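Across the two complexes that follow, chain A remains constant while its partner is chain B and subsequently chain C.
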Partner chain A sequence: MLSNFLSRTIHRTRLPDYRLQAGTDAAVAPPDALAQSGIRPESLPRHVAVVPDGNRRWAQARGLLTPDGHEVGRRALEHTMEVDYLMGMIERTIRENVDEYERRENGIRVHVIGDPSRWPESLQKTAREAEEKTRNNSKLHLMLATCYSGRWELVQACRALAHKVQGNLLRPEDIDESMLAGELQTSAAAGEFSCPDLVIRTSGEQRLSNFLLWQSAYSELYFTDTLWPDFGEAEYLQALSSFQSRERRFGQRTA
Partner chain B sequence: MAGSRTSCSPSADPKVEKTDEVVTTGVLASLQNFLRKCLIAVLSYGPMPKHIAFIMDGNRRYAKFRSIQQGAGHRVGFSALIASLMYCYEMGVKYITVYAFSIDNFKRDPSEVQSLMELMEEKINELLDNRSVINKINCKINFWGNLDLLCEPVRLAAQKLMASTAGNTGLVFSVCMPYNSTSEIVNAVNEVCAERREMLQIEHAGDCNGYAANNGVHSEISVADLDRHMYSAGCPDPDIVIRTSGETRLSNFLLWQTTFSHLQNPDPLWPEFSFRHLVWAILQYQRAYPYLEQSRNLAKKQM
Partner chain C sequence: MKSVFSLCVQMSRPSIILKFILGLLWGIIHLAISLFNLWSLLIYNIECYLISSGLLWKYRDLHLDRLKYLAIVVASKEAKNNMKIRQLLCWLSTIGVKYVCLYDIEGILKKSFEPAMNGLRDGKAGEYLDIGASVNYSHCGHKEMVIEWLSGSDGKEGIAKAANLLCSTYFSENTHGNGKREPTFTEADMASALKAVGCGGPEPDLLLMYGPARCHLGFPAWRLRYTEIMHMGPLKSMKYGAIVKALYNFSKKYQNYGKLGFQL
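Up next is the complex of A and B:
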């Protein structure tokens, strides 16, 4: 259940900060690990989304969870405690790392997306502060999706557009894909990079669970059996390698 | 498929040899049928999907590997589609959806688009003229997509086929053409906004306090409202989405509807997709079923 909830509430997206740009003198040399594994730096994904699934199963496999949990009532209580624990953990993680993100050489900008009305007050405050502190960074964007759902995000966008229609600012037939995309939370955070090139889901679950529903229309999906706590650099390089072996056509054909 | 049964004695006469071949083929076909039914009966002990969606990828590559024309690859693909439809019907799958043509595909070479449109028109007209397949499975056929983008003959044929099968109550076969999930979602948003505006105008006509009515109506737009305006309204979400030829992406197919769908990407190209691949797909689904169900139930509780 923990892994299930975690996959629904904690999603991290990251723009790799070592992409080479043609014609730019300030190109950053790729790390050795990349060069050694045969990954081509010129065709790395710009936006990687991760569904970090499998934490509970990892804990269970190591005997770190209590074995008995079959009563419905106890499960319901566990679920509430689990949610509270996760919210606290997310808040602590942001607070502990924001100073490091803020430092110019790291250049990490934090965005927290999702339904803020479901976050505790303290998390709302921490999220706002982190976003404010890292506002001027641009090297790498870290998006944390908390209490997020792709359908919810689209409903919010629909409500915003309906409001404009009712205010006579717009006719329903004028609404097109770019207008709707512009109302999504990820658009405010990542602009033209809203759509992930690669979506990684760990623990062997082969489904999207409502994550970046609109934005992942053309994303390459990578499913791995590795549980999230075991997903390290080697596994990530494997995902990148798999990404580079794919032919992306976007509905058209290559010659 | 039942073959003919005749008794004969072997001889050097080619006609008799051919009859032998027919007998052997007939007996083999019957044995195949029997084995298939047994396998389906065994599979049915586990949870069976009600709705399977297919992204029929690989027709062109199939044609290339076999050095045949592109159009021929699509034709073989169509035969594979009908075969899969019949197998799914035998397995008790109630809803089949296929990604026949994406709106993005219009950007392809015009001659390929033209030949695809001609093939679709030909096949739709065949189904209209020879209703044996449709009648056998009491099939209701839907076309999901922006039909206005189709040329008139294809559009009219599609509308005629939809109308003539609208009353059928058996298998529901939905053909997505020309379709994009993002277009479908935008279309649903348009309709919801237009609906809300109309409701507001009606309320405003009968009520002086327009501002209060505006706020009340606006805050009620929900997932259910958008659901109602999707092309797939009334149809359950797919249990399995199968994309052939090994590609692992949805390519703008049923993004709204596939939250809990089990995504599969078998290696065979679409024309090679056969009964055994379908069986394997269902076995994988059955393996993942407990976790899928748990996720669905948890999501329902949280709504």
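Up next is the complex of A and C:
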């Protein structure tokens, strides 16, 4: 089974314009918290990847839907239901917010990555529509990864290269790192920003769990004990502050 | 159209006493932060010392059954410190770690250590690891340890080589075979191709990162799927107690690999 957690990749293509917009009363201002927390806007990460983990434990800690550890069969059934629920949730999130994403002042571009053959047809349709509607936006790039696995992504990149070999567009011996990187879903979606500067994983787990394996080579890894439902602005600012306080000397980055 | 008016109010110069109080307050805040940092460092060092001395009972009996394979990532700048690397290997051998993989992106470790250990290569280990060397550190302990040396060329470059091999095989089969079939590569095919180009190997259970930045610096991506990752700080200030603590914390970790499993 491919990773069934919902992974959210938030990709900042450029910082918002903080000046007053012509003809508007309000400024698109940075959150006060950013200014107060001593975070330098000029050295914010361009691409932040998030593994939003800990939903089950959060619910369990509050006495919500506590599964019986001994009922393996029921557990498997709940797992299937949970995957269906997550798929539906992603679909609802996209459908309910796509109009807001499309508005010029928000300027959010949406991409859904992962194995589409494992998505329900309705999600495939919703994802295509959202991508089409928001493709000209450039303020913030939001990538949602579902039924996604880093290994699967590398294998499908190989398949894409094999198709090019089949069509005589490429010789096998010409395949190199950059060609392989160019066939990854994140490259198609985010181009030069496909590699995250910062990877945040919530809930105290300290592993990538098959998420962005290739792309995270030089990513700053930030693990926090906070469960995803409790992860708010303060925790995010803490992650940014931690990112800025660390020494980063990798020279030229490759894809 | 809205106009914004700003009123500049000339403030009276604060008295010398007020200036002194503010300066004192600022100094106290700085002192408090410095003392807190110093206290944290002191606690950490004391804990490491107590672990090393065997005075903290819970760290005395490490259960390393789940730690089949340990990976160490060292920043290239620090990989030049041969003495520290030897000491690290010595400590790991003493602790009872059986398989270790050392990685730095520039291959400094590979160049420095692998040639010296070629004479000690173990046939069985070589089958299990692509670059295996069975090393017995007589002065460190009695335990035998298999070591694998990796560099950046075993990472992304290795995956590109494997893709090259897969596509070459596919191309030759399509050229000489009957009709054109779809490329249906699987993860197993990729794993086999990586092994064939000399970049395969087991997945580490735990990866310890030594260096200033908290990143794995291009450690072979294919092998990092469910690896626990811990940052250990600079190599020059590594401590035996810190390694023991990291291994202890790992032994207490629970992974459900995305399934609805709970530790009861």
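Basically, the second predicted complex is superposed on the first by the 214 of 255 C-alpha atoms of A that agree within 3 Å, B and C clash if a C-alpha of one lies under 4 Å from a C-alpha of the other, contacts with A are read in each partner's own complex, and residues count from 1 in each chain.
Simple rule for what comes next: a residue touches a chain if its C-beta (ideal position, glycine included) is under 8 Å from a C-beta of that chain, and two chains touch if they have at least 3 such contacts.
Only a predicted model underlies this, so the values are computations on that prediction, with no experimental measurement involved.
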Side-by-side fit of chain B and chain C on chain A, or clash: clash
Touching partner for A:Glu173 - first (chain B), second (chain C), both, neither: both
First (chain B), second (chain C), both or neither touched by A:Cys158: both
Chain B versus chain C as contact partner of A:Asn210, first or second or both or neither: both
Partner touching more residues of chain A, whether chain B or chain C: C
Contacts of A:Tyr218 with chain B and chain C, given as first, second, both or neither: both
Contact residues of chain A, present in both the chain B and the chain C interface: 1, 4-5, 150-152, 154-155, 157-159, 161-163, 165-166, 172-173, 175-177, 180, 206-210, 213-214, 216-223, 246, 248, 250
Chain C residues within the chain A interface of the complex: 2, 155-157, 159-160, 162-164, 166-168, 170-171, 174, 180, 183-187, 189-190, 212-219, 221-222, 224-231, 253, 255, 258-262, 264
Residues on chain A engaged by chain B in the complex (per definition of touch): 1, 4-5, 150-152, 154-155, 157-159, 161-163, 165-166, 172-173, 175-177, 180, 205-210, 213-214, 216-223, 246, 248, 250-253
Complex interface listing, chain A residues touching chain C: 1, 3-5, 25, 56, 60, 67, 69, 75-76, 78-79, 82, 150-152, 154-155, 157-159, 161-163, 165-166, 172-173, 175-177, 179-181, 206-210, 213-214, 216-223, 246-250, 254
For the chain B and chain A complex, residues of the former touching the latter: 60, 102-105, 107-109, 112, 180-183, 185-186, 189-194, 196-197, 200, 214, 217-219, 221-223, 225-226, 247-252, 255-256, 258-264, 288, 291-292, 294-295, 298-299
